[in-house]
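By letter and in written order, the chains are A, B, C, D and E; residue numbering begins at 1 in each of them.
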Amino acid sequence: MLEYYWTVLLFPSLGAAINGLWGRRLSSAWIGGIGCLTVLSSFLVTLLTFLEMRGLQGEEAVAEISLFTWIQAGRFSSDFALLVDPLSLVMMLIVTGVGFLIHVYSVGYMAGEGGFYRYFSYLNLFILMMSILVLANNYLLMFVGWEGVGLCSFLLIGYYFERKSAGDAAKKAFIVNRIGDVGYALGIFLIFKTFGSIQYSEVFAQASEWPVQSGGVLFAICTLLFIGAVGKSAQIPLYVWLPDAMEGPTPVSALIHAATMVTAGVYMVARSAALYSRAPEALTLVAVVGLVTAALAALIAVAQSDIKRVLAYSTVSQLGYMFLAVGVGAFGAGIFHLMTHAFFKALLFLGSGSVILATHHQQDMFKMGGLKKYLPRTYWTMLIATGAISGVPLLSGFFSKDEILWQAYSSPHGSLAFWLVGTLVAGLTAFYMFRLIFLTFHGEERLEAEHHHEEGHRSAHAANHSDGSHGGGQPREPASVVTLPLMILAFFSVVAGYIGLPAWSGMSNRLEHYLHTSFRFAAEVEAAHHSHAEEIGLMLVTIAIAALAIGVAYRLYVREPEAPSRLAARFRGVYELLRGKFFVDELYEATLIRPVRRLSRSFLWKFFDVGIVDGAVNGVAALMSRFSNGLRLMQSGYARSYAAWIFAGATLLFLYFFLGGA
Amino acid sequence: MVPTTHYLILGAILFVIGALGVVVKRNMITMFMCVELMLNAVNLTFLAFSRMLGQVDGQIFVFFVMTVAAAEAAVGLSLIVVLSRRRKSLDVDQVDQMKW
Amino acid sequence: MEINTLVLLPEIVLSVTGILLMVAASVLGVGDQRKLAWPALAALLAGALVVLLQWGQSPRLGFFGLVFQDNFALFAKLLLLLATASVVVISKHYLEQHGSNFGEYFALLLFATVGMCLMAASADLIMTFLGIEVLSISTYVLAGFRAADKPAEAAWKYFILGAFSTGFLLYGIAFVYGSTGSTQYLRVAEAISSHGVSALLLLGMALMLVGFGFKAALAPFHIWTPDVYEGAPVPITAHLAVASKAAAFVALLRLLQQVLPDLGVQWQAVLWIVAVVTMALGNIAALSQFNIKRMLAYSSIAHAGYLLVGLTAHNGPGRGAVLFYLASYAFMTIGAFAVVQLLGQQEERYLSLNDYSGLARRHPFLAGTLSVFLVSMAGIPTTAGFMGKLYLFAAAIKSEFYWLVVLALLASGVGVYYYLRVIVYMYMREAQAEMPSVGLPLPARLTILLMVAGTFWLGLFPARVLHLASEAQFF
Amino acid sequence: MLLTTLLLLPGAGALFLALLPGSRRSAVAATALIFSGLAFLCSLLLLAGFEQGTADMQFVQKIRWFDVAEFHVSYHVGIDGISLFLILLTTLLVPLVALSSLRVAQIRGYMICLLTLEVGMLGVFMAMDLVLFYLFWEVMLIPMYFLIGVWGGSQRIYAAVKFFLYTMVGSLLMLAAIITLYYANGAESFDFLQILARLEEGAIQLSPLKEQLLFWAFFLAFAIKVPLFPFHTWLPDAHVEAPTGGSVILAGVLLKMGTYGLLRFCLPLFPAASLQYATPICVLAVVGIIYGALVAMVQPDVKKLVAYSSVSHLGFVVLGIFMFNVEAMEGATLQMINHGISTGALFLLVGMIYERRHTRLIEDFGGLAHSMPHFSLLFMVITLSSIGLPGLNGFVGEFLVLQGTFLERPVFAAFAATGMILSAVYMLWMYQRVFFGEAKNPANRELSDLTATEIGVLIPLAILALWIGMQSSTFLRPMDSSIEKVVQRVQQVRDSQPVRVDNRGN
Amino acid sequence: MELLTFYCFAVLAVASGLVVVLQRRAVYSALALIVCFGSMAILFFQLGAQFIGAIQIIVYAGAIMVLFLFVVMLLDPQTELFGRNQLKGLTAVGIPLALLFFIVLASRIEQTVPGQPGSTGVSLVGNTKQIAQLLFKDYLLPFELTSILILIAVIGAVVLAKRPE
């Protein structure tokens, strides 16, 4: 299957092309069919390849498929070539697998939307770009996918382009990503300058001969690359685009802004393990940024009322976790959490989409409540996911998060502080996630029967409207094309954790083991010895904190629904700060965007360009014209004065010859 | 014999007077007369040099200058006539329709 | 010393024809007078033919050492004769419009040409002086030929200032004579090279520069130019701008480079400055002109400045370049004035730039051809003006006058503006008022086309003329 | 002969048009299309016959033009890898422009100008004699001047004159420099290749001062044409006022003549001076990149925005050229073509919408994505190509330039890279305001989408954008040898300098 | 004696020249000019140019100046008085200019010309014949040219003056 693996790129590109170019003339069934089938094909190809290569070890498990020379100039060369190794295969499975499910879900969710073809075309394009990102065998090709997914994200966020907020969000997402991308690009430049190549195999092989060093060029490379990751994966200080990105359709949020694209940064750092592991400061930087982001986003999430925004901040927070993992050198753990997160966060988003559909596009949790009885399937699947993210034991998130926390503590790059903050964030996570569940599905029904969304969606649409129940106002479970993916994801949210069981359980961490080939160039670190007891102890603490958080959430949002507002009133400052997302957007607006714009408009353009530069040019012209008018006066019209000029000229000649010149 | 320099200086004085006259005189005819004065100064210079060099070529030159002066006078005076008929004045400063 | 009458055959032909024209004019009726243009034209062309036949003969002197027959003179004569010939053609139409004395007009024109040819061929200061006077006095009259205020004023100003500057010229000649003992070019040059430079000679040169500067319209002796060009009848303006100026330049060139080469250091230094001032002044002052004749007058001052660059170079290519540029300049300037003449109509009424608004719509032919001439004056490639400038500046660079060339280029850059402005009016503005339509008589049309052809010919295939010019660059 | 044929075809077309009556619009249009189309086909033959792997000029034709006494000028044309694609770009853009301009008033004059312009542009790219080069360089100002001045917008006269004077005055000194070189060459020939060869072997020795002055004389002409900050202010005016076709040609080809000149003449002829002044020039280039982008960001007029974006983009090209390594220079050369394609297409697009709405102000638009889906899709593709999205053409050039720059002067690369961000900012912001949001203005709601002709005009450019983005080798390989030659020339001089002043920006 | 004659007539010439310039009435200017020319004719004689001196008196002072006077009388009304001089500045500029010009000129003349006349190889007394020989042989061409010149002047005067105004 390996030799045909390039078809994994072919299918989505075909899908994107067909839907994009001729989609207007196709029926929605065809559109959806093409969209889903192409991704399914990719998934199947990936799966077959994965199975084929599963048993291979070491170098054998790594294959490169070179398609063509892409850019070559002077010493610089970049092939369009795919790298198939465990890491990329795992990622591809997630991308195409979750991608496929979300495509299916979209068929239901987006039914009846104008520009259905456009949507699927973009979605397929996204899968293509994500595949390129993951499969690239060099940094530059990865950059293609890297920016490509950014583009798709832009297009899909801006899907409801008539809504100004959507357009704004799309633009913001792209631009903020671009800022990171520039860092990434500089990283590539430096890599090339340092290693003379940008191909992973070449770079890593060379890097593996370098010692672990403090500072220096590796630190620079890693930092630059990490700037890219910060942008793509919405870390501080570039996380601001992600919450706004929720303007896009919910499946898009699930696929791009939860499961796949935003994790690209983590993937990239993991991919570059060979570099990062030799730059300890860079690792620390990654870990700290991840941790701070995790904490901050979790805090913000606590005070949000929009269901998708909570999930968005949650995503930011969870991505922080992943960076914490890779930042302490636990690349496998990072990927592990990436995978489980893909399942449960996609599920959460899809579930929230289902809720939103059922409530006619109500997104404010305080206007929901008691939906459990109307949307049982949605409720249960979401509950599973919430459990998973909150670290309820035996669900997937439990294992992956625990692995991260343990590594944060035990790794030579880790520390107790990392663990402590991480654990507190885990508690916060459990709190705000259960807050979401309780507000949405429990308690009294606060849904306004007559709520009709005004903005955005133009027409009667969505699966649940198809049966004519529109006027009723009763939320109803959406069609099975929507709920089936939920259930599949729920299944994985439960079981995915079992491929990465912790060491104390006595069973092998199969994922870790499998991925090892991909991290073979990473510097080996002498791990401090820790006992299983220690690990179990810490784990218990985590569980306790999570349980406590769930309890508090239950109390605040189910038992005493009026308590939150009391608390909010008491800690008004803090609450407003959290609710206002620490006012980071406003800060950027005030300190960066507006000054730059004003500088550009009034200083650079109006003053400098028009005034000085052009003014100089026009000034020369005006000066000439003034000279000209002056010279006209010489021509007074009087013959006598002309004679005087001639006389003067003669005298000047005399003076020149006899005083000045000769 | 009177030194050549004397003649030359005299020529220079007359030339300058003539040139100055062209600049300061407002009557067209007088202006033109001043030009004639300049030409005469030149003639004097020629003759002085001619004597100094012991040649007659200078005199020949003067002869031609005089001829030219005569021709110029004919044309110039008829121009003055034409102009004064049009402007009803001999004031050269009135002739300033074209300027700038 | 021989008399070599044939040396002056063209001049003789012209003089005789001139006299005959006057005789004929008194005989012919008013209706037939206009036909006098043809004999005048024929005489000029015959003269040109003679010149061509004389071409390439070994240089010799004629009339007891008073005139040269060398390629330099012949080239200049050819140029002057042909330029005057085209002026004759455009004059015909002009005279028909203004109903003047054809016989006298053409006779004077021919006499003026005789004067110019003698200036070009002169080998003696007396001849030079007389040539200038023959030219000047004819053109004084011609400038005032149209019975109106402006021509009278132009003629007067030209006359009085011309006479004034002649005084300086003569004074200068006197000093040169006094310090060298001769007026013959070759003897003067010999005397200078054997006796060295005296202050008296310098005085003489300075004063002669005033005289020639006046004729050639070099700053600050250019001062008469705008007024006279504006007032004179259009064909005469063309003649003044092209032929008269060419003659002055040729004579000045010969004087400086054949008679006074030993004073090169001195006159190069001063002409350097004069050239810069002339170019700058001409171009800058033209910027604010809205009368097209006056604008072209300033433009011609600027062109005199460019020519001076080639002259200042003081080398063979420089002389060739001056000759070549004069030829290029003749094509474009006569062409431009031909168009201006047609558009000016009766009494030269329509000479303001505003009258040119929207010309492209009304008279695409005239607008198009005028654009070609203007573009050529601006020195844009493929036209004669560019090639001419190229050679001039190349010659100057050969003598390492880098900064002079740089300044000349900048000045020509300024110049582009006002040439373009005419095009702006013609093509990019709408006509502001109803204008009477312009008749396009065939001869005028042919002349214009010929000038366009010449402008492109010299711009694209300059080899032929360039070859002639380079053969003529040695005295 | 092929090059001469190529040069003559549009010229013949212009002549032929001059003979046609202007009232027969369709005949005029057909003639223009046929001749420019033939020229394009002719240029494809160049591509087919082009031999890679040699830095020598190809398709050379050299005949004496005039050879008199002091002056030896030849008609000497030839192309190498640097000019090949610029010529193709020209011949491609001209028919497209003609096709997009079928509705202009006074179509005959327009097409004559266009075809004459094509002759001039092609001539510039193939001339191998300095006088011939200068001739084409200047002569193409005239048709452009008419295009802007006659068919332009309300401020057209100011813009036309400004364009003409700015660029003409800038190149005047080059003429002086050309003549100086000629005499340095023993007054033997204006032939560029001969002079270059002699400079290389040391048969011509220029004193350092002379070389520097000559360098600046050439550089100024090219810098204004590029336009390099701060010589750029003619550009916004010219672009905004020019008719669509004029803007396309202006952005697509004319600006490239400046960078082409730098690469073809400035560097090989004056390597030492180029090296010496590389730092200040690079500073200007980087300032231009950022400055152009910032000013573009706040423009209310789409065309003006694109115009300033050109300043920014061309800054990359200049930066790349003055890095003196193969990566950056190939990137720069490719970026010339890229910019021609994407900015050319952008102007075409803006022209199409202007034809419908008679406004170019961003605030007058909004919500066009709804009424004009094809238009917005194509606009998006071109926008992305312009902002350098990987996979499209702009990226390859920009990346190579930056990569090459980084190798030499990392700090410059870092600053230049911010241009990538800013370009996204201004382009997407504009895109968002024009296409997204509600169509508040009813005029925007009823706009008709692109016609088949219009799509036909744009599609080739879009395809090229993708092609270059994915298969840059098609375009990079032919230029390898030529670029390497230039690099070697400069590097040799750099290596031979006894004391190397390390003035890099690191 | 010679010197005395010279000074007498030199002073006379300069004085009458000044009168030409200073006199407001054109008639007096013309008369002064005639005096000036006359005195210069004496100097011409003194310089050995008898022929030239003779024409100076006959042609110049006689014919040409009479023409001038004629025109002056024709055009210059008795009460000829011009309006206010708008170009007073010109006088203010002209005089220093003239002085400057003269100073340079005179200083150069003083410095360079030998005070005494050089050896006179040709007799300067009674050289009219010599002139005639030169004029009709060596200078035949200029002489002929003057005929054209005068013809031009005649035509010019006629053309300019004869047409109806």
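Basically, contacts are C-beta pairs under 8 Å (C-beta built on N, C-alpha and C of every residue); 3 or more make two chains touch, one makes a residue touch a chain.
Note that this is a predicted model, so its numbers are computed, not measured.
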{"item": "Steps needed, at minimum, to go from subunit B to subunit E via contacts", "value": "1"}
{"item": "Mutual neighbours - chains that touch subunit A and subunit E alike", "value": "B, C"}
{"item": "Chain at the geometric heart of the assembly (C-alpha centres)", "value": "D"}
{"item": "Pair with more cross-chain C-beta pairs in contact, given C-D and A-D", "value": "A-D"}
{"item": "Euclidean distance of C-alpha centroids - subunit B vs subunit C, Å", "value": "26"}
{"item": "Geometric centre distance via CA averages, subunit C-subunit A, whole Å", "value": "78"}
{"item": "Chain centre separation in whole Å, for subunit E relative to subunit C (CA means)", "value": "31"}
{"item": "Rounded Å distance, subunit B centre to subunit D centre (Cα mean)", "value": "64"}
{"item": "Touching two or more other chains - residue numbers and ranges from subunit B", "value": "8, 15, 18-19, 22-26, 31-32, 48, 52-53, 55, 57, 60, 64, 68, 71-72, 75, 79-80, 82, 86, 92-93, 95, 97-99"}
{"item": "Shared interface positions of subunit E, touching two or more other chains", "value": "87, 90, 93-94, 97-98, 101, 105, 108-109, 113, 139, 142, 146, 149, 152-153, 156, 160, 165"}
{"item": "Chain pairs that touch, as defined at the top of this document", "value": "A-B, A-C, A-D, A-E, B-C, B-E, C-D, C-E"}
{"item": "Residues of subunit E touching subunit C in the complex", "value": "105, 108-109, 111-113, 137-142, 145-146, 148-149, 151-153, 155-156, 158-160, 163-165"}
{"item": "Interfacial residue positions of subunit B with respect to subunit E in the complex", "value": "1-10, 12-21, 23-27, 29-30, 32-34, 36-37, 40, 43-44, 47-48, 50-57, 59-60, 62-64, 66-75, 77-82, 84-86, 89-91, 93"}
{"item": "Partner subunit B, residues of subunit C touching it in the complex", "value": "125-126, 129-130, 133, 137, 140-141, 144, 149-150, 152-157, 159-160, 163-164, 166-167, 170-171, 173-175, 177-178, 181-183, 226-227, 230-231, 294"}
{"item": "In the complex, subunit C residues that touch subunit E", "value": "1, 3, 8, 15, 18-19, 22, 63-67, 101, 104, 107-108, 111, 114, 118, 126-127, 130-131, 133-134, 137-138, 140-141, 144-145, 147, 155, 178-179, 198-200, 202-203"}
{"item": "Interfacial residue positions of subunit E with respect to subunit B in the complex", "value": "2-3, 6, 10, 13-14, 17-18, 20-21, 23, 26, 29-30, 33, 36-37, 40, 43-44, 46-49, 51-52, 55-56, 59-60, 63-64, 67-68, 71-72, 74-76, 80, 82-83, 85-87, 90-91, 93-95, 97-99, 101-102, 105-106, 109-110, 113-122, 124, 127, 130-131, 134-135, 139, 142, 146, 149-150, 152-154, 156-157, 160-161, 165"}
